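Both complexes below contain subunit A, partnered by subunit B and then by subunit C.
Let's turn to the complex of A and B:
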């Protein structure tokens, strides 16, 4: 069944918390609504549940990839053209460790950044229903509502203190 | 650590986005003046490429002069930025909010400037790609046993990490700017913000990102200046060949870098009237940190000297003789100690000095003058070969081109910061709003004291 998006714009955090409770009572699941703000409120302020993420896997995978590439560069290049310089061993471990360390950290950093972008569900070039007042201290409650419940949901948002309603 | 007024979100937006949305009268003249100096910097580089490095004061046996001094100095300045930001984020220090981004941005511009100096110094800079293993046809690879290969890998990692750090922490503010602008600016910020909307999941991931990247960048920060120090320490030049160089360089970098952050914060507070955000408390805390850092630096500075002298090796002693008893190096040694430790640390012991912005500004400049001289004092005497037979002696006399490169490098960093300030807020708006949210006061006896709400 097609769903429409409706946004209630609020001024007070308490009203948003009340809205979340009422939406649950009205049969909405946690992934049917979202809260938008310009300020990072402590987790659970509105009674919302943040879905689990797998961000911690990303730096680990990135670090392994970075380490492997650095090992390939340091060991592979020296072995493919085995020229002894200064009587030093071909695979001289201490200097190899330096490049491998930097490679590991670079891989972990890049993967962390990619992980945050992916887990934040970005990039998103269509903002959908949005209100610019959200970055001025207002709060938004975004609900994905079935067409036939749209009127009821709008009424619910107004009752809980929404100053403005936007729909798409 | 909380002397701030309670502000609404609109007031925070107005104050902190004003640098982007409004242009103060002084902005364009200052940008113009800096651009002229940067033009001189670029012209110098072009002349050096055209006529060769011979137009500088570099000559046998002194091949590392102002350019390498500048490289080490700017890598040092770049260090404190991310260090301050990362440590404060990991510790969840409340007073970090106005400081972090400015420190990170200083890191990025200082590091980019630092990275340009080895390129300029190469002479044929268009062959910089030779440090990468690109030649699959002939299989002639870079020698990974050379510190000149370690350096680019470390700096590339650090610059990438610091830039990513700045960009990711900017996302909520880019979303804010998208909502406050119109026309092409809105399009630019809409694309740059990647469609940020500010739901609890995005903010939670931002918080984790701050901790994760801080944890990842801190070891890189230590490794970068250690590797820079090994450019010197793994050579056989007397007085460079010291095991203490890595921690010595790292702590020196922190000393100059934290002082650089203090200088920048005083200037920003004055220019943009950010009295509500950057308070005397911040300078007090940084002043106390600097006492500890400066003392650690002095310890390693003296340790390096004692190692050289105690070993009793004739070439080392000869360089130490130059450094301590021969002019101008002896005078420079005196200046380094006085400007880098005795004057600033004696002053920072007083709370009134630490909370006085003019004093903090002057002292932070003195520290960086001292630290720049220290790098020159460390690098050049060992290369002059005065411990050998006189036919091989050399004297380094920097010319106009090198002086232009030094002046130009400061202009490049300042110009970079000014351009950044025009495009992005230098104090994280969303973090400042979070700080306002957590700010509350409780009454204890007859006093009202700040209560920081933390999970």
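Let's turn to the complex of A and C:
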């Protein structure tokens, strides 16, 4: 079933909270609507679903990769040139730790930056339905509505205090 | 304390526009019409002078390590100040310090200076010897020859990438605001970086988490870099120098200098268009930290020094003479007074600490102290040309800076200003989203006759 996107622009946070409640009552699932804001409101302010994320996986995987590469460089090169000096162990752990620490950090940093871009679904060159007033303090409720429910949804948004409606 | 504040008629808190729309207009107005064009030109000229000084130094080749001592000192000064300045943003974010909001971006903007850190490291890699001929913990296996250089490159590069990542992610919502409201060319390249930002709860959560992660990594990386730099560029060049406290001293003195660099910058910005955003709170709170770091400077220096002073073995005497009482004795005295004694004696007084000028002046003194501290360490260490041995056999003579050294120093100061000024033309210098969050979560209330600020901390 084709869906269209409709955006209601609000000034008051209370109206947005009411809109979320009404949308749920109207049969919309949590994934069918989203809140847009220029300010990071505390999670759950509008009764919206608390967003889950997997960002923590990225630094973890990056750190493991960085550590492995650093281990490969340090241990691999020493094992490739097996020269025992003064009866000491072939692998000298303390110097290796420095490179491995830096490798781990480097991997974690690069993966975190990539993770933020990936998890934020960026870059997205087509912003879709949007209103520039959102970064000025207004709030947006973005609804993915079936074509036949579009009129009803628009009416719902107006009833809950939307100052402006945009559709696509 | 209240008396001290009121007696100066200074509002402790910033006076921000009252609505999000007004705040957005004001912040983006400052962004689209940046000040300091004259300073940008002057700093550009200083950079050119620095490049000329670098060319003069380069013409002498890499073989004379002593000639590169001041260059190394200035380089480490750069790492200790500009590279450490974003730490205040990181630390106050992690501890949820409310007063940070107007100054976090000003601190993070110093991450851009990482470009200069990477560029200036390149000749040092050529000047530093491989592991042969110096006391080092790297084992003398064929594959280890260039590990000191490798660890330096990995550390500085990692720190720079982390800094840029931190700045980019933290600025993304504000770049979106610039995209939406700054007309034409004024929105700049930065707005392009915000492509796709709509401000969904999911995006906000990712930004918050990303900034937290990268902030922690930045702190971890900075400490690691100071360990590697102090070991590879100082300790291992001086025969007989074994001091586990020194890398910690190096990191702590860097945090002190980074904070001082930021407070001095805040003072300059307050006088140039950011007065409403930078009030007493933004100077008084870092002032307390500066005083603590001044005491920590002494504690860490003393902890290392007392072992050498009472040990008095030949290696210990050699180290003391090389980096404290020998060729760089004058620099050591200046460092001692400007990093510890003078700022502590200034900031221990309430009227000085609870003011705007006091912490700014103390910061300028600390920066002078840190520069001379790095000179006494790195100029001293680079002057030692002895290969191997268990102690410094001949204490080197004092070498005064030449024209090339002075030009490089001027160039680095110019470079920091130049890159910072370019940065504030690409990214807003105020963290708009955090200021708006502050507006949302802050309320002034009255308890009987007193006026208090109630701050919401949702997490």
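The definition used in the following text is that the second predicted complex is superposed on the first by the 153 of 168 C-alpha atoms of A that agree within 3 Å, B and C clash if a C-alpha of one lies under 4 Å from a C-alpha of the other, contacts with A are read in each partner's own complex, and residues count from 1 in each chain.
Methods note: a residue touches a chain if its C-beta (ideal position, glycine included) is under 8 Å from a C-beta of that chain, and two chains touch if they have at least 3 such contacts.
Source: prediction; values computed, not measured.
Asker: Please tell me, clash or fit, for subunit B and subunit C sharing subunit A in the overlay.
Answerer: Aligned through their shared chain, the two binders clash on subunit A.
Asker: Contact-wise, after the overlay, does A:92 reach subunit B, subunit C, both or neither (first, second, both, neither)?
Answerer: Touch status of A:92: both partners.
Asker: Touching A:80 in the superposition: subunit B (first), subunit C (second), both, neither?
Answerer: A:80 sits against subunit B and subunit C alike.
Asker: Which of the two partners, first being subunit B and second being subunit C, lies in contact with A:151: first, second, both, or neither?
Answerer: Neither partner.
Asker: Can you list the residues of subunit A that meet both subunit B and subunit C?
Answerer: 34-43, 48, 50-51, 53, 55, 59, 77-78, 80-81, 85, 88, 92, 95, 98-99, 101-103, 105-106, 108-110, 112-113, 116, 119-125, 127, 130, 132, 134-137
Asker: Could you pull out which subunit A residues touch subunit B in their complex?
Answerer: Where subunit A meets subunit B, its residues are 34-43, 46, 48, 50-51, 53, 55, 59, 73-74, 77-78, 80-81, 85-86, 88, 92, 95-96, 98-99, 101-103, 105-106, 108-110, 112-113, 116-117, 119-127, 130, 132, 134-137.
Asker: Hey, which residues of subunit A end up touching subunit C in the complex?
Answerer: Contacts found on subunit A: 34-43, 48, 50-51, 53, 55-56, 59, 77-78, 80-81, 83, 85, 88, 92, 94-95, 98-99, 101-103, 105-106, 108-110, 112-113, 115-116, 119-125, 127-128, 130, 132, 134-137, 140, 142.
Asker: Enumerate the contact residues on subunit C facing subunit A in the complex.
Answerer: 19-21, 24-25, 137-144, 147, 150-151, 154-155, 157-158, 161-162, 165, 168-169, 172-173, 176-177, 180-181, 195-210, 213-214, 217, 220-221, 224, 227-228, 433, 436-437, 439-441, 456, 458
Asker: Give the list of subunit B residues in touch with subunit A in this complex.
Answerer: Subunit B residues touching subunit A: 8-10, 13, 133, 139-146, 149-150, 153-154, 156-157, 160-161, 164, 168, 171-172, 175-176, 179-180, 190-191, 194-209, 212-213, 216-217, 219-220, 223, 227, 430, 433-434, 436-437, 453, 455.
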